[in-house]
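The same chain A turns up in both complexes below, where it pairs with chain B and then with chain C.
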Partner chain A sequence: MIESPLVPTADTEKPRKKARQPWTFDRISFVLVFLVLPLALFSVFVVWPFVQAFWYSLTDWSGFTPDMNFVGLENYQKLLDDDIFMTSLRNNIFLAIVVPFVTVVLAFALATMITVGGSAHGATRGLKGSSFYRVISFFPYTIPAIVIGLIWLQMFDPSNGLLNGVLTGIGLDGFESYPWLGDTRTAMPASMFVIIWGFVGFYMVLFVAAIKSVPGELYDAARIDGAGRLRTAFSVTLPLIRDNVQTAYIYLGILALDAFVYMAALNPGGGPENSTLVMPQRLLITAFEKGQFGLASAMGVVMAVATLVFAAIVFTVNRLLGGRQEGVRR
Partner chain B sequence: MSIDKKTIDRRTLLRGALAAAAIVPLSSALAACAGSSSDDDDNSSSKGGEKSANNPFGMAADSTTDAVIFDGGYGTDYVSFAATIMQKNHEGSTVKVSPTTEISQELQPRFVAGDPPDLIDNSGENSIGFSTILDQVEDLSDVLDANNLEGTKIRDTLFGGVEAPGTFDGKLAALNYVMTVYAVWYSSSLFEENGWTPPKTWDEALDLGAKAKAAGKYLFLWGKEAATYYQTLAIGSAIKQGGDEVRLALENLEANCWSNPDVQAVFEGLGKIIDAGYVKPGGAGTQFTAAQAQWSNNQDALLYPSGSWIENEMKDQTKAGFDMKGFPEMTVTADSALPYTALHSAAGEPFMIPSQGKNVPGGKELLRTMLSKEAATNFAKTKLAPTIVKDTVPADGFGSTALVSQSEMLTAAGSDVFTWSFVDLYGTNVDQLVVWNSFLAGKSSVKELTSRLQDITDKIREDDSIKKIPVT
Partner chain C sequence: MTAGTDTSQPAATQDPPPTGRKQKRTGDRSVATVAHVILGIWAALVIVPLLWTLLSSFKTSSEIFSSPFTLPAHWSFDNYVSAWTSEGIGRYFVNTIVVVGTALVLVMLLGSMCAYVLARFAFPGNRLIYYMMLVGLTFPIFLAIVPLFFVLKGFGILNTLPGLIITYVAFALPFTVFFLYPFFKVLPQDVSEAAEIDGAGEWRKFFQVMLPMAKPGIASVAIFNFLGLWNQFLLPVALNTKRENYVLSQGMAAFASRAGYNTDYGRLFAAVVITIVPVLVVYIIFQRQLQGSVSQGAGK
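What follows is the complex of A and B.
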């Protein structure tokens, strides 16, 4: 029964009839350590809080009492009617559209230049001094998000900030006391810029690692066939690191659907006209300041659903763009 | 074949990881909120000790009192000071003073589990909404009826009206410890130098704005987190102009309460100042402490409306010889319903005693100790702010012009002291900030300001799940 698992047997085509293996100590301990324990931890710390939060979202729990009343879907109805929450949902969706796209495009462009964008003669290589750029652009990622937020908060300060100082210094007097984070037109773009600034370096390094694992001969072949740098990037590099791009896209999407730390540092109050308000900020206020934990849980459920929908969209798009038909898979 | 299968496996894995990641924001916020309660049966029977003159609440001997104190502008050492006195008076008892800046987040699970502390200073940005825990705290009237350590009835040693901000539905749920005077603050030395006088009406303020402009300064400035300081100023001014009916309409969330003619007149007065360009631009993008430093250190603007904590808050960032003083809110006309000297003043730092605490008498005893002359004088001296206990500030105000100015304003106001609580009670400040930032930046008109403030009020009034507390 178990003597020759490595030798392919003749009846591979048919569903193999598995004889039940005896419950030896080895087997039981194996199941316990590698299946039951992780599953238990997962259920207790991941699944259970999720179920619990969903249950709370159906109640009017204030958060400070042991008792609560079941109210059905009333909280969700309330969220739909709550224009401020809907604004924050829209802001999150807007972030999820812009931030991953811009970050991935920039990171991909930089990674290409550093790895294969160099001289057209000799071996395929990156630009001169590429390792220096690589280190430099990774710097922002080593700074904690909250610190990034606080640094840029000072940069954007209308009266004493570096940005307005430079702009007025070169003669653009219109930026005197201009509130980058306090004007509806610029608050969101400025906040997005900060997030993207913090992540481009990291995803660049991720893409660099992916590109390094592409066999160099492919680039040589492409070059012999007369492909320019742009053509190489889109026809050789991109298809070969497709999975990495998808993963990066999803991680960035999850980040953008949260974005709490950055927004809380840059505009704790949600920004002018709530233009940078994100769902977790609203959740926190609803739960702890207004004492409506039931409603706040409903917000959390909406956030989770939004994230799952985002992931589903990315998978679908990748598949539609031919992610599975590619012949070359690693 | 096998490659395909692998892909699926990895995908499934990734999906699982994704689902987990999506759940993280939920679970981290709510994992701590297990709604199960355990041992809240035996709390009411907290074993009391013998009641006596020294121990009016019957605190058990050798008991421990657990106090959680907001660690903000006033720190927590003033409670520790009182705790030391209490431990001396009650040999064997201990007081544990825990500082925190996140009152709500820290205490929420303890309330649910039926194990709250014995004394809370429910203050700061993350304080617990009063309406949420109103049913779960002690009525503190018996503390006021007790004698203080010096043997005088505590109620007789306090400023008038200090119970008002902590009284909800006839129950003294919170005792606010620190006397806060809301006023418009200025540098008396700068005003003297230029021969300016504090404005008494909004028209005078507009004139002063012109003079400030001539001197290359602004009249007002603001910071994004503190835009509603101007709402406080405007409401105070409107109440002085129109009297109690304005206050009651706002407090009871009445329809069209923001369209009251006196409220409108104040908004118009402020609107004129904004339209004239007398408010420093860029406030909506400036952190409030940075903005306040532009007033107290750079003197970019002449006036700043705030509570009396401003002196302590900006202590390190105030220009030498600033000589900070305050004056009460401007009125619209000289014949306002309440006199110009009427003052918006309220006690702040609400101390509450949860009924489910393990040592309720201990919490009351600590509060009684804090209200003693010794502890209250220590507070005024170290924090340069008066407590609700009268006669703890000497004539020289421990060398602070702002503290003297507060005492003067309180004396001049006499019994014309008022306050309101709907903003804190229903937690509307966050939403109102947005509206005020736009208005101060000159981005919205008085009409828009009014309708949007009304929307916020209406939303609360029409939400049945929020408990309303009628004010009379």
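What follows is the complex of A and C.
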């Protein structure tokens, strides 16, 4: 079995023997200040609100009065019957299926081109001028998500947007004043494109870094065995950077199960026939406009559960695939 | 880290025998050409929208409507001036610098303190705190947003910049602790012991020995925290609703929704450029270090 070189070594270090030291005033004051200060902040502003949210989701609290009745799972029942919320949940799930997959595939393809697109001889060589592509690719990551949304909102503009300008310019007159974000058929794909545009470059850079830390001998061995570039990418590179792919997939999944900022910029009202409505948009309206804080908290719990289920699926799939590949290699 | 450079590594093996060589070289070249074409298309896809935004920011609104795809008739900075002053982008910009700057310093200090204690001291509850941080990292902020609103209200810091700063610090803390933990974990024990023999207490040891040694890790985490906080949108939208306290991201959203009615697109594009350029310039200057940070993140 080949050990991935990217697994952190920190956790395998022997536990340090610290117990022999006496608990002096210096040590006690140090641990207290260093631990208590951050943890107090973390508990009050992160842990406590999360705990409260679970409790509120079981009440009919409006937020404006202290009245609060325990209603059990009634809020969750309401969500199941709420067509608009279920649409937003479906949209988020759809996003979580498409966005991570497409982003990771594109990022991996581009990273492979940059790293092994060069010579097929000797050690892994970068493509000439690859640093140019890497620098450019990272640009979107430095732009705030809301601004990315605004830029593409203008790009997609039916009459003044660059996209329709280019399409009609090359003779596709059917696209003259075509509303990309206003048509149910294209609103969601166009919104997905924007999210993917924002993240491909970042994960490409991450994968390039991971691929470069793969020992060159492995590629030589694959070449001597007669593996082509495509085969090498799938059978050598991909298994070796599996942990990075998993991390990317989970982060992108969490992002897609939220997607609030992009949707708020592109289609603040949820898009044509709610085709781009996502759960966070419903949550904010339910909480701060309708004043149904109990119900809004239940939506938050659904989002959290969806995130955890997604992470669990990614871990499981990775483990299953990993087990198989290791078996083959042996 | 090798990722910061793209120079060819020395060849580890000899080239294949000269017979098949010519064929392979042409194969290399065509693969390289295809790669360049695809990467070129991708690069254009990234750059063109940004360039178009830049060009449009110099146009008047009527020009944007009449000729959206030409160069501006006059290169004037009027849009920038009015976006900065009358649209309040200047004020949002200053607010953002104050909030993100303060929060970044605080979270790096508190985060490294916490990560250090968790990584190097054995005490009951250590693992529990670590896993709680991990949970805090994965749970959506949306779940916390409603109760958080009332927590801040209770402290009387709702709709204030200090309230926003504290919230930023608290929510960036799990990420910071989680990613600094391995850096402190692998610092050599003998340096720590040497400092003790020299009579340094825990406080001095941390600030004068350990913290400087963890600098590479702290730099990478700080970069990601900066970008994350600079991008933060939900927390200010829900918890910071006074217009004079707006940060850049929410100010941009508010500006855009208003621009939808009075359609001053020139100013909107100028505001977009003002938001992008500072970070982009810093990125281009430090891109080598940043790419190094990404590769360190990849190893963790």
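We adopt the following convention: the second predicted complex is superposed on the first by the 272 of 330 C-alpha atoms of A that agree within 3 Å, B and C clash if a C-alpha of one lies under 4 Å from a C-alpha of the other, contacts with A are read in each partner's own complex, and residues count from 1 in each chain.
The definition used in the following text is that contacts are C-beta pairs under 8 Å (C-beta built on N, C-alpha and C of every residue); 3 or more make two chains touch, one makes a residue touch a chain.
Only a predicted model underlies this, so the values are computations on that prediction, with no experimental measurement involved.
Peer 1: In the overlaid three-chain picture, which partner chain does A:Ile84 touch, first (chain B) or second (chain C), both, or neither?
Peer 2: In the superposition, A:Ile84 touches chain B alone.
Peer 1: In the overlaid three-chain picture, which partner chain does A:Thr142 touch, first (chain B) or second (chain C), both, or neither?
Peer 2: It touches chain C, and chain B stays clear.
Peer 1: For chain A, which side has the bigger count of touched residues, chain B or chain C?
Peer 2: Residues of chain A touched, chain B against chain C: more for C.
Peer 1: Who does A:Arg27 touch here: chain B (first), chain C (second), both, or neither?
Peer 2: Second partner only, chain C.
Peer 1: In the superposed arrangement, does A:Asn160 touch chain B (first), chain C (second), both or neither?
Peer 2: A:Asn160: touches chain B and chain C.
Peer 1: By the touch definition at the top of the document, which applies to A:Leu283: first (chain B), second (chain C), both, or neither?
Peer 2: both
Peer 1: Taking the superposition as given, does A:Ala311 touch the first partner, chain B, the second, chain C, both, or neither?
Peer 2: both
Peer 1: Could you tell me which stretches of chain A are touched by chain B in one complex and by chain C in the other?
Peer 2: 45-46, 49-50, 52-53, 56, 63, 153, 159-160, 254, 258, 260, 268, 280, 283-284, 287-288, 293, 296-297, 300-301, 303-304, 307-308, 311
Peer 1: For chain B, which residues count as touching chain A in their complex?
Peer 2: Residues in contact with chain A: 3, 7, 11, 14-15, 18-23, 25-27, 29-31, 33-37, 40, 104-105, 108, 111-114, 126-129, 131-133, 136, 224-225, 280-287, 290, 294, 300, 427, 430-431, 433-434, 437-438, 441, 443, 465.
Peer 1: For the complex, give me every residue of chain C touching chain A.
Peer 2: Of all residues in chain C, those touching chain A are 1-3, 6-13, 15-16, 24, 27-28, 31-32, 35-36, 38-39, 42-43, 45-50, 52-53, 56, 64-65, 68-69, 110-111, 113-114, 116-118, 120-123, 129, 132-133, 136, 138-140, 142-148, 150-151, 166-167, 169-171, 173-174, 177, 181-182, 185-186, 189, 201-203, 206, 227, 230-231, 233-234, 237-238, 248-250, 252-253, 256-257, 265, 268-269, 272, 275-276, 279-280, 283-284, 287, 290-291, 294-295, 297-300.
Peer 1: In the complex formed with chain C, which residues of chain A make contact?
Peer 2: 6, 8-11, 13, 15-16, 18-19, 26-27, 29-31, 33-35, 37-39, 41-42, 44-50, 52-53, 56, 63, 110, 113-114, 117-147, 150-155, 159-162, 165, 169, 197, 200-202, 205-206, 208-210, 212-213, 216-217, 220, 229, 244, 254, 257-258, 260-261, 264-265, 268, 279-280, 283-284, 287-288, 293, 296-297, 299-301, 303-304, 307-308, 311
Peer 1: Which stretch or stretches of chain A touch chain B in the complex?
Peer 2: Its residues touching chain B are 45-46, 49-50, 52-53, 56, 60-66, 68, 84, 153, 156-160, 177-184, 187, 247, 250, 254, 258, 260, 267-270, 272-274, 280, 283-285, 287-293, 296-297, 300-301, 303-304, 307-308, 311, 315, 324, 329.
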